[in-house]
Structure formats: structure tokens, C-alpha cells
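Presented sequentially are two complexes of subunit A, the first with subunit B as partner and the second with subunit C.
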Partner chain A sequence: MAEKTIRGKIWMLTGTDGNLIEDIDTDQIYHNAFLHITDISQMGAYALGNLEGWKDFSRKASAGDFVVAGRNFGAGSSRQQAVDCFLALGISLILAPSFGAIYFRNAVNSGFPVIKCPALKDFVASQQLKTGDILYINLKTGEARNEIRDTLFSVEPMSRVQEEIYDAGGLFLYGKSGNRGK
Partner chain B sequence: MGKTIIEKIIQDHTQDEVSPGRIVWMDLDVRTARDFGGPNVVKNFEREYGEIPVENPRKTFFTFDLCVPACSLKYAENQQVCRLFARKKGIRIFDVDSGIGSHVLIEEGLARARRTVVGTDSHMNILGAVSCFGQGMGDVDITFAFKTGKTWFEVPETVKVVIEGIPSSSTGAKDLALFILKNLGTKKAALKAVEFTGDVFRRFALSDRITLCSMVTEMAGIIGFIPEFDASVEKQIEGFMGVPYEPYAADGDAVYADTIRINAAGLVPQVSVPFLPHKVEDVACLTEIPIDTGFIGSCTNGRTEDIARAARVLKGRKVKDGVSLKIVPATRRVYRELLENGILENLFMSGAIISNPGCGGCAEGHIGLTGSGETQVSTGNRNFEGKQGKGRTYLAGPEVVAASCILGRMGTPEDL
Partner chain C sequence: MGKTFSEKILGRKAGLEVRAGEVVTVSPDYILSHDNTAAIIKEFEKLDISNVACPEKLVIILDHVVPASAEKYAQNHKSIREFVEEQGIPHFYDVNNGICHQVFSEEGFARPGGLILGADSHTTSYGAFGAFSAGIGRSEVASIWATNEIWLRVPETIKIELKGILQPGVFPKDVILKIIGREGADRATYMAVEFGGEAAKNFSMSSRLTLANMAAEMGAKNGYFQADDVTLSWFEGKETENFEIFVSDDDAGFSDILPYDLSSVVPQIACPHTVDNVRPVKEVEGLVFHQGLIGTCTNGRLDDLKQAAAVLKDKRVHPKVRVLVVPASQNIYLEAVKEGVMETLAAAGCLILNPGCGPCLGAHQGILAPGERALSTANRNFRGRMGSRESEIYLASPATVAASAIEGKITDPRKYL
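Moving on, here comes the complex of A and B:
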């Protein structure tokens, strides 16, 4: 079974106004100039490589970190690379009020935790979350704790299918484990 | 309780109970991959399943449309990876000569009303234009679909978008699509199916339906349907399908998440301003903007009717010196129609560049990029920063693109 509670240092994807950037699209996350790359280990260097203010993300981030973004994260194209580039860097979770539909599926299928938190904007406005904070998130109950500020909040727990695919380690393993993929 | 259109199509393809918010396992009638995403699908498939056959080769296709023929060694290699896999598994390829995959699926009668179709193209929901549930997916999903013929899917809620009034005669489907996008933004239809209704849709050609349905992606929606249609649309769709057009209609007591009314009476030509598709203004407010280059084509505006609209503006006129106009038919069939009805000649005489079918100006490289400081007006569906080069891209309908390239500034045919 995959970990139920994961811990990580957060990167708040904020713009010049200090707010979380909304509608970050897949071209900003992983530019189409690098779509020909099929080896995941080579994709990390291009993560957020076309997002103003965050082009050096791949050099700043460490394995185990979380990414926190504004609503509709991953809008746009169907490219799996926009998920894979974070996997390559070892990013362990993305938190956002909502995700682009295809992006969300791609992450779920990779066994990568993408977690929805509709009230995220309020936490940001009241300064309960800042880059560098350490969060604990229970993926199955939705309980979250900010270790630095000693505050509690909730995120949406994973749906059953998301949890099953996550537990299996991705859609392929899920399919082979005797579920739907036979 | 009654069902919406999307709920009916999904119910036909699953044993599970269908209601919004539930995740069901859904059978897929057609599964496809492009030259983008396709090589990743092959790599995944060979790693996970090796020599095992795909679930049903006759329901499985490759469609090359992004970089056709390959303009870089990487794409050439990737396309060849797909070809070799396809030969081994007995999968049909619509190769580099064919055009945009989603359009080819309509023309070939593979995407039909009531069917489910997936592919590595985020605009696969364009198939809502023929009342088919099309959905773009990433390469893991598509690999799984190749292997199993199934996918998991969360049944979306449906919003009804009612268009009131009739737009002015100087507008087309793209102007209405942009205006709807302006009104809905990326929130109101997010993660939902959309049913568009209103008298305006009774005049919509198939190409117009394609234009509007394609931009549901930019509205962050799952798919759009247009239940109203006239006899000419029915005839055109049946010509492609070879079977009667029998789309689902929603039940009278179907439940909608929301009903949104948009007044489009007297709508004037619209343009989307860089770098967000839903940042939409009247063209009339932007006539000072100089234009360096134009693009007419894409899955949104690459049909014969779209290009013919531009050709009517260009006939007997010239693209301004120093401005380039790039025209890319959606498919080979469209190219042939343009050839047969003399439109290609008009376009050529006006100074336009005409390329082979494909995704053209939306894809990286196929028909050129913009450099820093260059301004493009395009009939595509996205103007994200950096997507088509380092310049700024405005989105508009074919007439506005044609007129702007003649004028050398943003404008409409009325300004000529």
C-alpha cells in the first residue's frame, strides 16, 4: 500500500501580485518544443520552463517537495509530459483548488497525488500557507496540517478509483492487479 | 430521473450506474493516438504488455497530424516508431498525408452519434459536433485503452447554455464561440458537459458546429453538444457516416447543474487577445494593432466552409506587402474540395501560402513560428504565451484574419 500521509515542503506558484497563479496551462508547465522527448528522466529540467517567474523551478525544487497552484492547474493539452516532468523531479504532490480535466486524469493514472482544495484561496489570503512551509496531508481522509504554523485544514480526500490506482502504483499496475485492465 | 446527452451516451457504454459525480468504467468504440503522444503510447505498451495484441485493431488507429511530414528528426523517429508498432499489431494509420485526426475520424464515419472516442488530442471533444462523445487523454490512458478498450470516467454534470438573439450577419461561428468563451471564462463550464441551445444553431453548418465544440476545451469543459440541427447538417453527417444520424436528445426532466443565458443579439466580430483565449474583445476596439502574419486553419477553422469565407474576402485582393498569410486545410478531403471549386486559385492569387493538411499554425513548427515582437492573427483556438513562437497571437474568425492580412492591421471585411 502506498503511503497514506505524505509530508513535503511547499512551493507556492504565485505571480507578481502574490496570489496563486490561476489557469496555468500545459504549455507553461511543459513547453511543446520538448514534446519529442519520451524518456521521463529527461523531462524534469523543463518543468514550469515556460511560466514567467518560475523558469528556474527545476533547479530550485528538491525531491519530496509539494507544488501549490491556483485553480484550473494543467489547463490545455493532453500531454502526459506535464505530469511526468514533476515525477522526474521527485515532486510528491500537487495541491490546487481544481485541475484541468485531462491533467487530473493523467496524474491519477501515473499514481501521482493531485489533491483538490477548493478553499485554498482563503488559506493563502489569510497567510496560512507560504513557500517553504511543511505540510502533512492524509490523502485518504483529507486532513492536512501545516507543521510550521501548527494549523489544521482540510483538502478533498481521493475518490475511490483515484485511491485504488494510487495504491496500485498507477493505472498499469492497477489493471494487472486483477481489476479492470485484463 | 431524466438524463442529459452525455449521461445517455455513457450509459450505453457501461454496466455501472450513471449519475453525475460517479466514476464508471466505460467501453470505448474508437481509440487513437497521434504523432504526438503516439510514440509514448507505443513505449508504454511495449514496456507493460510486450507482444500482447491490442484489444481490437479495427477500433484502434494512429492519426499523424501535428508535424506532417516530419520537420525534425525527432518527429520523424517518433512517427516511424508508431508505424512499426502499427504494422506489428495490425493497426491502421492515417499517415502524414491525411490531415487532422479528429476531422478524419468524422469524415471516415468512425466518430458517429452516440459513440465514444478517445485520442491524444485535447480537442478530441470536437466530436460533440456530430453528437459523439470524444475525449482527449494522455498517453497512459490511451495505452490502457489500446490494451483493454475501456477507461474510467467521472460522469460530468451538464450545464445548459442558452444563446438568445441572432448575431449580426458580419459574424460567423468563431465570433459566437469566442463570445461564449468570454462569457463562460474557464470557470462556468469547468469539468462539465455543455448543451448549447438557441435559434442561432438552426443555421449552423457542420463546420460551424465543429468550430464551437472545439472551443469547449478552452472553456475548460468536458464536451459540448448542439442538439438543434437542420436538414443540411443531417445530410452532411449522414454522407460521412453512411448511416442515419440519430443523436441523443436530453430528457425533458434531465437535471442540469446550471442554465446560463447569453444574449448574442447583434453580436459583432470578436477577437481573443494574447495570452488567454477567453480574453475576448470586439475587433472594432483593436483596429490600431499592426499585423505581421495570419493563419487560417486548425481543428477549429480548417473546414472548406471556413476557408471559403476567407477566400470571399481575399478574392481580387492581395495580402499586404510584408505580411504573410498561411492557410492549412484540415484534411485531404478539404484540400480536394478547395481545389475542385477553384478556391485554391483565388487564395494563391491573393498571395497566400497554402500548405498540406494538418494542425498547421497551432502545432509547433508545421507552418512556421512567430519571432519576438511579431504579431499574428490566427483562426486557431489557443494563444498561450510561447505556444506558436515568441510573438503575440490573436484569435479570430477566417474573415477577420483575411481582412487583417490585406489591411496589415486588425480589421474586418467592412474596413476594406
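Moving on, here comes the complex of A and C:
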């Protein structure tokens, strides 16, 4: 069974105006020019490589870090490289108010925690979240704590199917686990 | 309360009574993949299973970078051909066929009542035929190859109620751009979009493909027209086994019903760098651009090429603009040649490329340099998609691209009627 509470240092994907960037599409997360790469371990270097101000993300991020983004993160293409590039870097969670539908499924099916937090904008506006803060998130209950600022907030807990796939360690193992459709 | 199209079709496939929000396990009729099949094969190999469960359900169509423009693409194509051979996959279409969504449709895999999943976000296209059709990712496809089943969440439905008649010079592309511009790029995230209303019957299959294709740009899980006489006449003389027509009940629980009056729509254009940044063409008229693209899974069909040819007949493309024409399939290419459409376009100075995705996804055939601006009939204008991230992409109808190509700047096509 995978960890239900995870902890990590956050990267706030903000633009020049200090707000979280919205509608970060799959072309900005992982550009077309590298779609021929089929080995996941080689994809990390290109994560956010086409997002203004964040081209050096792969060199700054460390394994275990969280990514925090604006509304509709991962809109666009079905390319799974846009999820895999974060897995390759060891990013352990992505938090956003909403996600592109296929992006969300790809992440869920990879057993990668993508967590929705509709009120995220408010926490950013009130400066309750900043790059470098450490968050604790309980994926099952949705309880979240900012360890640096000692503040509590809530995120959407994982749905049942998301949690089952996460526990199984990915879609294929979930299919074999006998949990499915219970 | 009645049921929506998606509740009915997924319920039938799951063998259950289902409602929006529930998660079902289903077995798709067909699973589409393209050049990304190479990456899916890698995922499949990790599962440690020697054979694909149902090879006849796989439809593999090479279209993204065809023919291969570099060794890395050639290697991927080669590994796909070898896999097809090893696994005995009957439905394989090599580099000489066209864009997956067009070829898949022409070959009759998209049928009313079908359940189609594909490793491409524009798999929503087959909703044009009254199928439930959605894009999924690479691991999911590998898993379906292995197990012949997948989980799906039954989507809520937004109904677009179309009424009225389009004015001359205004096309289905303008309609879908208008809808996306007003509703926003994430309006339909995880949801189904039903294109209905009294005017739906006036939409040809080609137009329906344009709208269903771009439902993906509202974030939709699936977008569809319910099968009707237009659909049935498309299938005349073709295989009609496994047809089942699903229609939303009048009292189905729609999340929203959004009326659109077609008679008030004017030519639209999506400005950089999001598809929902839409304005009337009039508002950006006069903006110079460098490359025009007429083609793609959104607007590369015969009627689209004819629209462009009607505008460009006996005219010349502006000397400072290059126009690339990419027919969506080899069949369309042939038809367009027979009907003289290609002659008109070539005589006007357009560069005709082989059927495929062409420059739409920025991998080959017409990459943009920094500072360049493209005007395209495609479905996406994300920053850097067609090349340099310092380039810009505008999206419009084939007629708008053709009229603008003559003038060398963005132009409302109605002056060329």
C-alpha cells in the first residue's frame, strides 16, 4: 500500500505577475520536438522546457518535490511524456485547481498523485503558499498543512478509483489486483 | 429522469444502469494509436505479456511524422512495423494513408454506438458518427492491449443547442471557435459535449468531424452528434454491422443547455496562445503573417480544400506568404486531384504536401522561425507548437486562411465571396 500522507517542498509555477500560471498546456510541459523519446528516464530534462521562466526547472527541482500550478494544468495533447517527465525527476505530487482531462487520467493511471484544490488561488493571494514551503498532504482525507507557515487547508481527497490505482502502483497492477469494480 | 447519450452507451457497454459520475469497466470496440505506438510498445513490454489480447481491435495509423524526417522517427516506425507483424495486427496503415482520424473514419471503424479509445487527444472526432470516443494516454493503451478493458468515469453532459442558418462566408470552423471562445478552454473538462438542436441536421459529416474534433479544446472527454439521416447516408454502401443509435432522452440530466444562433456567427479567429482567445476576424484584419496551413484532422477534408480553392481560383498567394496544403488522407488527395481542386491551389502558388499531420505539431514540414506568424486551419495554437516559442499561431477556417493568403495579411473571407 502506497503512502497516504506525503511531504514535499513546493515549486509554485508563477508568472511574472506573481500569480500561478493558468492553462499550462502539454506543449509547454513537454515539447513536440522530444516526442520521439520512448525511455522515461530521459524525459526529465525537458520538463517545463517550453514554459516561460521555467526552462531550467529540471535542474532546480529535486526528487520528492511538489509542483503547484494554476487552473487547467496539462490541457491539450494526450502525450504521457508530460506526466512522465515529472516522474523522471522524482516529483512526488502536483497540486492545481483543475487539470486537463486526459492529463489527469494519465497521471492517475501512472499512480502519480495529482490533487485538485479549487481554492488554491485564495491561498496564493493571501500568501499562504510560497515556493520553498514544505507541505504535508493526506491524500485520503484531503487535509493539508504548510509546515513552514503552520497553516492548515484542505484539498480534494483522491477519488476511490484514483486511490485504488495509486495503492496498486499503476493501472495494469490495479487491473490484476482484483480490486477493480468492487 | 431520462438518460444522456453517454450514460446509455457506457451503460450498454458495461452491462449496467449507470449515471454520470459513476466509474465503469468497459471493453472498447477499437483502440487507435499512431506514431506513438512505438512508446506504447515499450509500455506493453514492461507488462511482461507476450501477446496483445485482441489484435483485431487495434488500429495503428502512422501520420505524425510521415515519411520519417530523421533517423529517430524512422526507428520508431520500424519498431511499429515489426510489432504489427509479430502480433498479427490486421488494421495497420503505413505512411501513405493520411491522418489517423480521417483514415479511421474512412475505413468505417467509427460507427454509431461504438466505443472508441485512442492515444490522441483528438480521438473525440468520432463523436461525429454517434460513437463514444475519447483520447487516453500511452499506459492506458498498453493496459487495454493486455487486458481488453479499461475504467471510464461516465461524464456529465453539456448540450450545445444549435439553431439558425450560417451566413455565406461563415463555416463550421467559425462555429466551434465561437463556442470555445465563449465557453473557455476548460468549460467541459471531464464532461461530454452534445452538439444538438434543430440545426444539427444541417451539419455534414465533415462539419461534424470538425466540431467533435475541437470539443477536445473545451477540455471535453467526448463530443458528439447523435446519429441521424446524415449519418446513415454517409454509410450507404458501406458496412453497417454493429450499428446502434443512442440518443439522449428529452428529460436527460444535462449539466447545462447552451443555445447558439448560427445566423449571428461571423468569421472567427483564435489568437495566440490559447484556443479560447477568440475574436471576430474583423478585429485582427490587417495583421501580416508568414505561413498559411490548410489541412489537419480539423479542416483537411475535400470540402475544406474546396472552400480554399473557391477563394484562390485565378488568384495568387501573396509573395511574402507561403501556404502549405496538406490533404487529410490519400483518398481526399485523389478526389481533390480528380476534381481539379489541387490544380487550382497549386496554380495559386500553394505548396502541396503529402497527407499526414504535416507541420501542425511542429515536428517537420514547415517549422516556424522566431518572430514568424502562422495562420492555420488546425485545432491548437499553443505557444511554440509549430516551431519556435517566439512564433505565433492563429486559427481560422480554410476560407479565412485562403483570403488572407491572397492579401498577405489576415482578411475576412466574405469580401472574396
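By our rule, the second predicted complex is superposed on the first by the 178 of 182 C-alpha atoms of A that agree within 3 Å, B and C clash if a C-alpha of one lies under 4 Å from a C-alpha of the other, contacts with A are read in each partner's own complex, and residues count from 1 in each chain.
FYI, a contact is a pair of C-beta atoms (placed from the backbone, for glycine too) under 8 Å apart; a residue touches a chain by one contact, two chains touch by 3 or more.
Because the structure is a prediction, the values reported are computed rather than measured.
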Looking at the overlay, what does A:110 touch: subunit B (first), subunit C (second), both, or neither? both
Looking at the overlay, what does A:14 touch: subunit B (first), subunit C (second), both, or neither? neither
Looking at A:25, would you say it contacts subunit B, subunit C, both, or neither? Reply first, second, both or neither. both
With both complexes superposed on chain A, which partner does A:146 reach: first (subunit B), second (subunit C), both or neither? neither
Overlap of the subunit B and subunit C interfaces on subunit A comprises residues 23, 25, 27-28, 31-33, 35-36, 38, 50, 52, 71-72, 75-80, 83, 98, 100-102, 105-106, 109-110, 159-161, 170-172, 175, 180-181
For the complex, give me every residue of subunit B touching subunit A. 23, 25, 36-37, 39-40, 43-44, 48, 72, 74-75, 78, 120-122, 124, 136-141, 143-144, 147-148, 150, 152, 154, 186-187, 190-191, 217, 220, 222, 276, 363-364, 382, 384-387
Help me check something: in the complex, which residues belonging to subunit A touch subunit C? 23, 25-28, 31-33, 35-36, 38-39, 50, 52, 71-72, 75-81, 83, 98-102, 104-106, 109-110, 159-161, 170-172, 175, 180-181
Per the touch rule, the subunit C residues reaching subunit A in their complex are 23, 25, 35-36, 38-39, 42, 47, 64, 70, 72-73, 76, 118-121, 123, 135-140, 142-143, 146-147, 149, 151, 153, 185-186, 189-190, 219-221, 274, 361-363, 380, 382-385, 389
Which residues, counting only subunit A, touch subunit B once they are in their complex? 23, 25, 27-28, 31-33, 35-36, 38, 50, 52, 71-72, 75-80, 83, 98, 100-102, 105-106, 109-110, 159-161, 170-172, 175-176, 180-182
